[in-house]
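Going by the order they are written in, the chains are A, B and C; count residues from 1 in each one.
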């Protein structure tokens, strides 16, 4: 199962990694080097569908510049990408495409779900839109907003960089590929998907037509 | 300003006495001036034109469904009408269960600067069929496909009437019908399961697969099923 | 039964393998005796040997398809024989949801369909709803909406220019032009609070009036933007590669374009002078002095020239609108649609009731229907609304210009090369959000 996860502790400046005594100086330095390399050269695969894709383009442009994160090399081929940034709403017709792109990406790979629609279906609680891409692929960072400001996306990217820095090679569960159930192609149990996708709070009232 | 252009000032050259267009102001709710084409239609087609309404300055002409192609062709070809631009083909279903479904055509005459709305009423109990206007306007191709996809209305004479926005093997029905619930008929996990477990080859139409080299390599029974139009996916 | 093993020597009439590593096919013909014999002819004159057509699939995930568009191309070598587009990968049920929302609640939805032209869509929907309600808006509101529409047209054409350049291969104008978009975004943000999905209008007025100093920002932008366009134009318009890739590519004749229902710069590049602002005006566009560029050849180069010129005309209209911006209220004072000011709603009983009814139920138009079309940067954008007297429309139909424009792509790419397909696709200026809704 990998090393115990209770080896991080919260301080007032963030989260501190407190290694358990089994790891040596060499492996922690190697981890640091590898993670530093990965975090500062995450090549994004912009799976841009709608409005968030335009804000992503604006983030990559000169005013908010993604190049300073090492992410200016957009990879539109999933084979050469590190992080899949799903920017925009994903309808059901596009779901198998997203799953296929995710499967085509080699490990190590991460996923940023940009915007409300990718994270939870957003304002589109209807027959056509997937209620959150985490029902199809595993997501590392969710960036809320409709669309999120470029600063918001950059905060999400920095959060992902911190997540990458905390990884350890000895933890085999991190780079584990999802295996969907062969008959249903779902990797989360159906009742859980239904429970997560139900409208709640004020959203319930918005399914009334007419008066 | 670029030197390559001769700027055009006042829109498309109008034929005959067409007044200069102005922004409509204080448009009356009912009893506005009808489009002269409505009278021309009545004169030409008589009782096929069942009603003419003028609401908010727009003329709506309700005609019998089987003769729509003939009427639209006359509007397109007749030199006094010249409705050369098809704006939209769509449908309306009302919340009142008794009211028929209306198929709506929006037409513009660019030379005469006119706009008219044609409607045909389809009763819900009977098959929803209406003639296609694809042979008159090529733009009707995708618009009629979308109308079929969303409402289930068949356009007779359309060369390739299949779903355009939803995937071809979509099982839940016709989304814009009023008896179709907003969140779909199936549960979320079932919707995901249906779309994710489809065969990727099912995304190609028969026409496309026959082009591909791999057609000869497909097993004979798959080829036969493709040929009969059956979906190869699940 | 005894079998006899024999060795047969056969002389091949071909070299054996073709360029793809498969056995070379030799056609057989019947000779005089009726036997099938191979033809020993040079490849150029081999009879009945057709080239194989390749089927390739572009998309739905591809950087150059401007969204999730899937094009299936039948290629003969590098030439496109047939193109079959597949859409629907961004279909999100806008029209269905519109039946479950009050009119003011639909306005955020209009932002998201053509997300490059959000203020323009907001204006278009508000005009349609006001026609349905029978409301006349104030003069200040009209001019502000013209400013919003033209700014929106400008930034939409900027995105088009940036992405078009990337598709053809020039990366730098993208960065130059997106810097200008950021300036407009800052202005929109100070006006309404959002950069891109603005929800700028309300039925009967605007979401907010412009803040102090906004007109100076706009005047400054109007003064400096044409210089950027000149810079981009200097790099592109007379560039040999640019012209070589675009002249004669994807041409559509005027009659065909009208028959396909095309609109916007695509139609005007083919020589048809149809602009909704000139032919079926709204917001007093007939009182503004501007030109509509019309092309001659209908190819990709003409579409580029038309859009560049349209951006300059936008600046011209913005200048006039800014000069004529009157003082006065932005919203109509009709209590059926516009919320009363908070001071009155908290003190006056009637105002409180109006506020309550509008928020809980929403404004209710009379029974009827209305179709209002505006000139969006992509073409004729129409909203068709049918009301049955309740606060939520019975049918909300979006007439998407990109949808109709894209349906002509099989006709436009026939006979062109594969790289021309990308150029033609980019020249149509499609937005998948609007196509699929």
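In the analysis below, contacts are C-beta pairs under 8 Å (C-beta built on N, C-alpha and C of every residue); 3 or more make two chains touch, one makes a residue touch a chain.
Model, not experiment: these values are computed from the prediction.
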(request) Using the contact definition from the top, classify how the chains connect: line, ring, star, complete or other. (result) complete
(request) Name the two chains that are joined by the greatest number of C-beta pairs in contact. (result) B-C
(request) Averaging each chain's C-alpha atoms to get its centre, pick out the one most distant from chain B. (result) A
(request) Could you tell me the distance, in whole angstrom, between the mean C-alpha positions of chain A and chain B? (result) 40
(message) Averaging over Cα atoms per chain, report the distance between chain A and chain C in Å.
(response) 29
(message) Counting only Cα atoms for the centres, state how far chain B is from chain C in Å.
(response) 20
(request) Could you tell me which residues belong to chain C and also touch two or more other chains? (result) 88, 91, 93, 96-97, 100, 436
(request) Mark out which residues of chain A touch at least two other chains, giving numbers and ranges. (result) 93, 126-128, 207, 209-210
(message) Where in chain B do residues touch two or more of the other chains?
(response) 95, 166-167, 175, 180, 182
(message) Under the stated contact criterion, what part of chain C meets chain B in this complex?
(response) 52-55, 72, 74, 82, 84, 86-88, 91, 93, 95-97, 100, 131-132, 134, 136, 233, 237, 256, 258-262, 272-275, 278-286, 291-294, 305, 308-309, 312, 366, 368-371, 373, 380, 382, 384, 386, 388, 394-395, 397, 399, 403-404, 406-408, 411, 436-437
(request) Sort out for me which residues of chain C touch chain A in the complex. (result) 60-63, 67-68, 88-93, 96-97, 99-101, 108-109, 111-112, 115-116, 159, 174-175, 178-179, 181-182, 185, 195-197, 361, 390-392, 432-433, 436
(message) Give the list of chain B residues in touch with chain C in this complex.
(response) 1-2, 4-5, 7-13, 20-27, 29, 55-56, 58, 60, 84-88, 90, 92-96, 104, 106, 110, 113, 115, 117, 137-143, 146, 150, 163-167, 175-176, 180, 182, 203-205, 207-209, 211-213
(request) Could you please specify the touching residues of chain A with respect to chain C in the complex? (result) 47-51, 53-55, 57-58, 61-63, 74, 76, 88-89, 91, 93-94, 97, 101, 123-124, 126-129, 146-147, 149, 206-211
(request) Report the residues of chain A in contact with chain B in the complex, numbered from low to high. (result) 92-93, 95-96, 99-100, 125-128, 130-131, 135-136, 180, 183-186, 190-191, 193-194, 197, 207, 209-210
